[in-house]
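Note that chain A is present in both complexes that follow, paired respectively with chain B and with chain C.
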Partner chain A sequence: MNEIRSISAKQVGRDVPRLESRQKVTGRAEYTHNITLPGMLYAKLCRSTVAHGRILSIDVSAARDLPGVHAVYTGETIRTLIAEPYFGPAFHDQPILAIGKVHFVGEPIAVVLAADPYVAAEAAQMIVAEYEELPAVFDEVEAMTSAAIVHETLKPAGTFADLKHLSGKSNTNVALDYQLRRGDTDAAFAAAEHVFEHEFHTQQVMHTPLEPMVSIAEPGDNCLTIYTASQSPSFVCTEIARLFGWRENQVRVKVPYLGGGFGAKLYIKLEALVAAAAMLARRPVKLSLTMEEQFYTITKHASTFRIKSAVNKDGRITARRCEIFWNGGAFADIGPRVTQKSGFTSPGPYDIDNVSVDSYALYTNRPPAGALRGFGIPQLVWAYESHTDLLARGIGMDAVEFRRRNLLREGRPQATGTLMHDAAIIEVLDKTAELMNWTAPFERGEGVIRRGRAIAIGFKAVVAPTTSGAIVNLSADGSAALYMSTVDMGQGSDTAMAQIVAETLGLVAERVKVVHPDTDVTPYDMATLGSRSTFHMGNAVKLASLHALEQLGAMAREVGLPEGTNYEIRDIFLKKYGMQAGNIIGVGSYVPPYTSPQKGTGLSDNVTPFWMVGAAGVELSVDTETGHVTIDRLINVADVGRPLNPAIVATQLSGAAMMQLGFTLFENMDLDHGQVTNASLADYKIPGMHDLPTVMDNVIVDNNQQNGPYGAKGVGETATFGVSPAIANAIEDAVGVRLTSLPLTPESVLRGIRALRGEKLEG
Partner chain B sequence: MRGFEFLRPGTLNEASALLATGDAAARPFAGGTGLMLMMKTGVFSPSRLVCLRQTEAEHRAITPTGDGGARIGALASLSQIEHDPLLCRLAPVIARTMTTLANVRVRNVARIGGTLAHGDPHMDMPPTLAALRASVVTSGTASRTVPVEALYAGYYETILQPGELISAVLLPDQTGWHSVYLKCTTRSADDWPALGVAVSVRMDGTTITDSRVIISAATEKLTRVAAAEAVLNGATAGLAAFTAAGEAARAVETIEDARGSAAYKTELVGVYVRRALQQATGAGGN
Partner chain C sequence: MSWGESRTITLTVNGTSYTREVEVRFHLADVLRHELGLTGTHLGCEHGVCGACTVLINGRSARSCLMLAVQADGAEITTIEGIADIDGPHAGGLHPLQEAFREFHGLQCGFCTPGMLTTLIELLRDNPAPTEEEVRIAISGNLCRCTGYQGIVDAALATAKNLREATAPA
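Now for the complex of A and B:
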């Protein structure tokens, strides 16, 4: 138990095994699904069967009469408790239970509470709702002009300045019309040597955390405790307090480990419903979604991206115009932020003088879409890197050389005007090309098997400005505990943050205790999202640790020890208190500098505190008789700054790449008039072990993020960027087929091969 | 989920009696791997489940039949079949097929009788066994022997009558036959197949004397393709015959689903039948 300061060096950059591994493999780790409370009721939902309709009636009598049912509530019941029961991070558009009308198939319209979850499930099936069906819109481009309007009036939440102008707007499905203008694109296109224009599509997919969403609310005397699988406990606290008209300190939100999040468990999901139900029933209420129900809760935006570029005779891109339509589904969730925060990077990591971006968040009558491992970036990179390959092909230049000629370099202005710093874009490209042995001849296959290879590179600006706070408690025996609201959902944040504490205080990372989010105990954090924790929380944790260290130094001076004493921490405490007593509380809070983009132009001299850069290199084989694609090799190269824990970084890279591989090759929510027809893991397939590329390499380039904690920056999303376009580009390299819609199914490849021969598949 | 009866009779005859009630929501329950999925998703709500596990001691044995074949008790688990030395010698295609059939946890629990009686056209064992010319023996009031290929009446439909249970699978002698099952998935590797093709070919030198070509998954029900067999029988094993058999097999009616369009599956049928025959015979390239 002796914490010796002198052996503590090099805690950062060390492959510390995850602190929770033993707990997890022995089944002892705490998850919300395992929590039961005395007197707890189970909630089951009745959901809309129509995509858009006015509710004529909801008959709950049979459900209410089923023996064992405690209560049945509808939107009207909720209104007896909360006058305006609408929530959401960007718009207050999501009712706790449907009121007046339904916006998508699967929208919750009533909840049944029972002590037995099977009774609740059966009763929920007995609820009968009648609707007057309304015209529905499902396509994001159609939603721009459709007669079908998802929400009668727009209700921005008020948190985001760029949404204020939408307040009270009616007769529109546009939940944000973001634009960026730099230079003179019209003139540049008019003067261009070559102009290329393409349109790309992505499909709606789902996060599929293997731990489905789950929340519990426990009512108290004018207060609530919420146990929830959430990535954003602080936001849940704020939003529940707002809904009830309470102080934040009347709501306590506790989050144990998560079995995956990927953006699905952000902001507020089931928490408002269990909170309202618990207050109405005066009993604890638990809602555990099934895997199937997750398809009706949150998804990844389908998108359409129209991109046009001007290229001069030297192979330099002189202008780029981007028009992106985000299919946000029935509720905005965080879609408008995706639209803007990702939108401004839509021209790609290229040095282009004349840029124009229009990015639209759209309501449709589909299940809602939010953030999914990349916050919109994978949809954009898919399009601009497919397009970029087509530009190189179009002017007859090597794909790597074309990129190298156009990529942003240190100190050059990105589309917003912000100067690039600490973004190892060229280094990532060069490393990828080197690992692929790009300049060497390539084996192109024979017979029915044809081989191809390609690369793609993307970047992301971390969302800004956001705040993190941390507390470090240094005990009298020299042990430390870290109090923070970052959620460990499998990404390894507990371990990485413990390493920062240990490095700063001279401790051993394995012995730092991490206290999990509890809004009564742990300080505010914006959320665990968008690869922001390592940088923002990491900086806050470092500041809190330095604050503790400063106090320890003062204590040492106070007891007469010289500067740089080799006394152990516990001996300093002992000298001060005469016994093992007391503690030191270090606090840290971090919010990076930021300049809001100008309205209209979207320009800013400081739009983000750091950039993430990721590239994929792909070698693949195509079976020209069936269209099947085998990924022979996938190389993921990333700039993560200085990795705090290289082993965990490597698993984050491989996990992100595999997830994107599923979105690239086969994952797809099949919709029939707004009804998801494959809402189960039997019919919606995610990648498994057998879908791994034959060879996969995860490589980190040397870099130092100067404003990051110990040079580090975010990593969770970086390896998603390049996968989709690299595969599409390699398919074209192999068989000459250019696919512009995800997923890249064997059927679409075969249809492309046949089309090249002027043939069609029969039927 | 409303409560249901769960009965555990000691013999298949007792089980048959408990199931012959005219109630479609009364179902036999062996491994439960198919039925439980349907129950969990609310597709099927039973009134009565008749568990067959008490009959396991009597009905799980795998024994030689004396004429070079084997008899597999209906309660034999898929893992038991996968690792049975007799079956591995007799028809190694079974063990090979098992390696891509669900996963080891499912194979440890699923029973061959239930696998065949479930009627799901996407399963791997029915086409494999049909190509091996296997039959099922049923118990109940009118016991009968039915070729596996004749067991299916439609999508999730069999010709089994209420109360009629599969008691065993009969596998004939495989001497001179060469068999292959190819599973084609179009999404993840562990997806249900878009197409299953099982072929068996009997050779005399380089001449094909008899054959079975079975298509599943892409069709509404398991389908034996007589037209493809007609092309093969009497032909010399080789690319020309196999390509022609694949062309003939394209006549089966394929159905569209999330795994591909009907037209695409028809393409796959042609390619996979040819490739299965190439692999089974080692002739005609690969």
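Now for the complex of A and C:
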């Protein structure tokens, strides 16, 4: 039972139950949600009621006078502590509390601290602010030319080379204008047999992790400890140190389990505010957002995608032009990276000689947008796979055959010029078609119920270049502990990484201890995002394990054990130290090779270390009297390389697909002049049990990611790619209605059906 | 600081009796989490939609975020921390439903898990042989953002089968 050595059993590729599952089913798992500290104050925020305005006054007197209130701070108070209290991963555009003006409804303008959270909440309601309202802009395309300017001057953070040219720019809402040019699109369009052009839209949605964002800061003597539900402890540490003008070692960031993340808890969110408040109050400060407040904190980009393709008489795509506008809301967050890193894949997984991409990050007066499970890819696949189906229809070719004819193959150049390797694109398409029984007749329904089916396929380049570090501590009894800053937010990274340690060192995965992120203890990791951990941290963990193994071998030789002796680890230590003592520290660090894209053309011979491929196959029924769509079958097919833990991979696929199903069919932040009118789970519906398709299959294709740890690569986002366009394509197949804006509501389906029949919807 | 009227209440939580003076405005979830230190019950939406805070009150599932603690005076409450002891002790220390959640990956981040488990404990007690549809209906009021629900349904059905086989006459 307690055996730690594994003699023969494979550790990688085995369905190891999640290491923390026992804690989670008994209610003992630690979340920031549960942490309280002695003397802790609770923070509650007062938020802007206008979308864009100059702050004329903030009256906090009534709040300050409420019994039980410890302190009330505004942006001006923060400035007494930090001269330039602006933060953000791409731009230093986000004030800890608003200074001078507000940029969206819901922007924090003041914070109340009290020992009782209900007192703090009551006091926050007593703050009165006056504004001079300014013209606001909400639409991403209008923001390109709008007279309403969200930020007077652009302040790139300096981290990213391609943003430097924007420094000090004024009178613009464009936070990045990314370009890719390959071949001669003009000539190809001029010579084309067929030209198709469409425009697609996605709506603003929110991550809704069930544990709302929460951070605690505990002040020390010229130092801070931050306990936070963050996906990026290393970045929090760096950014807090920068804000305070401190060394990184004055900031300690600790992260327990997260109650979901999905990109919401990335970079820096509440940490700057609790850090500043704790330093001002000299008491620990906890800020727990409500579910409602999350809608005012970070969201997924709404987008507009104009796509134009040239197709020749053989059904080959010869040119594609992509214009994408990303609605980043009031603060850039990581939007400019979404704009570029996803932008270069916007022509899709197709082999097209002539490509042009223009991708724009836009500021608007909406709640900020950032990363959400796919880093922009689902918005792109939605558009290019809807478009691809329209191309196939337009030339009268089967949708699978048309894709097969155009998909990128091993060794062929992607739009950036990078040659494709280990991306099982054709295999994923073929597997999807096979599982759909694509060539067999399909039951099309009768009466008011009409059935349709379709597929869609997308791909993603993992964000590059990024770094991960890991430490493996081998104790004298032969047990191992892994120190890493990858955050287990539900995706199962603790378990997968323990399997890599166990496989490499010949241990049992269940007995490997994983030490949670603590910047005083665990080494640097860029962040837990974009399906990067399995590959990057996985490689670092494998290197650290190999480093430990190498030292163990040296120790064995030192104590006179010949090469290849079957000694237990503990016996080697015993021989060396004469007692159960000592340890071996293996360290590993991994950053993949990368070539920066050329400015202007966006071309690179090595733009990413690996590609993820995902497809969806959908069979659905449309009730032509109500527009209601029932998903009869959803097939998710993915290339994840070799799965480290097949059962966890399956839950990642099914979870991602269900999340995307919500973004496809109903999730939508309703905005009225910038005010979110459905900011609660009662009004903003996320998928529940009844939304689960009647049949849902999650399947992986056989593939080996040669530079991945034990052949593995990322998986968390892959099953989001194809869902939206596959459903839209299947709706057209069922009832002939083409929808180009998400979500695909019964109302929009019904309007389409009525329009086709030339019937009025009303009376 | 105290903010108003308080009352003394007695709750039996997971078999242990607690008498506490609580403010009448406190939710049951506040008292469980902050007064009794039973932080296994999670608060997600705090208005009764997500179901993460679901506990059993006199055997019936209820949202502890929508109920005042004083309303539970005299009640027997089961939280996630008490599930392992139901019909126990069990081999391995966990209730079969908890074991099934581990085995079938009925959880990822674990935040919805307390509500899923308590709701399913009630279902399996009242309906030892549920159909898949009945399981789906039972937990249709509990939201999970991670798993896509399949593992949860599989865990519930497997538990029902195992419990039936364990109690079937030889």
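Odds and ends about this structure:
Here is the rule we go by: the second predicted complex is superposed on the first by the 754 of 763 C-alpha atoms of A that agree within 3 Å, B and C clash if a C-alpha of one lies under 4 Å from a C-alpha of the other, contacts with A are read in each partner's own complex, and residues count from 1 in each chain.
One rule holds in what follows: a residue touches a chain if its C-beta (ideal position, glycine included) is under 8 Å from a C-beta of that chain, and two chains touch if they have at least 3 such contacts.
Not measured: the values here are computed from a predicted model.
Touch criterion met: A:G492 reaches chain C, while chain B stays clear of it.
Of the two partner chains placed around the shared chain by superposition, chain B and chain C are both touched by A:G688. When the two complexes are superposed, the chain touching more residues of chain A, out of chain B and chain C, is C.
In the superposition on chain A, A:S680 makes contact with both chain B and chain C.
Of the two partner chains, chain B and chain C are each touched by A:Y118. In the superposition on chain A, no contact is made by A:Q250 with either chain B or chain C.
Comparing the two interfaces of chain A, the one with chain B and the one with chain C have residues 118, 680, 682, 686, 688, 690 in common. By the touch rule above, chain A contacts chain B in their complex via residues 118, 121-122, 125, 292, 625-626, 628, 662, 665-668, 670, 677-678, 680, 682-683, 685-688, 690-691, 745-747, 750-751, 761-763. Within the complex, the chain A residues that touch chain C are 17-18, 20-29, 31, 33-34, 36, 67-68, 115-116, 118-119, 207-212, 257-262, 290-291, 489-492, 647-648, 650-651, 653-659, 680-682, 686, 688-690, 692, 696. Residues of chain B that touch chain A in their complex: 1-2, 37, 41-42, 184, 186-192, 258, 260-264, 266-268, 271. Across the interface of their complex, chain A is touched by residues 1, 3, 25, 33-34, 38-50, 52, 79-81, 83-84, 94, 98, 101-103, 105, 107-114, 117, 136-137, 139-151, 153 of chain C.
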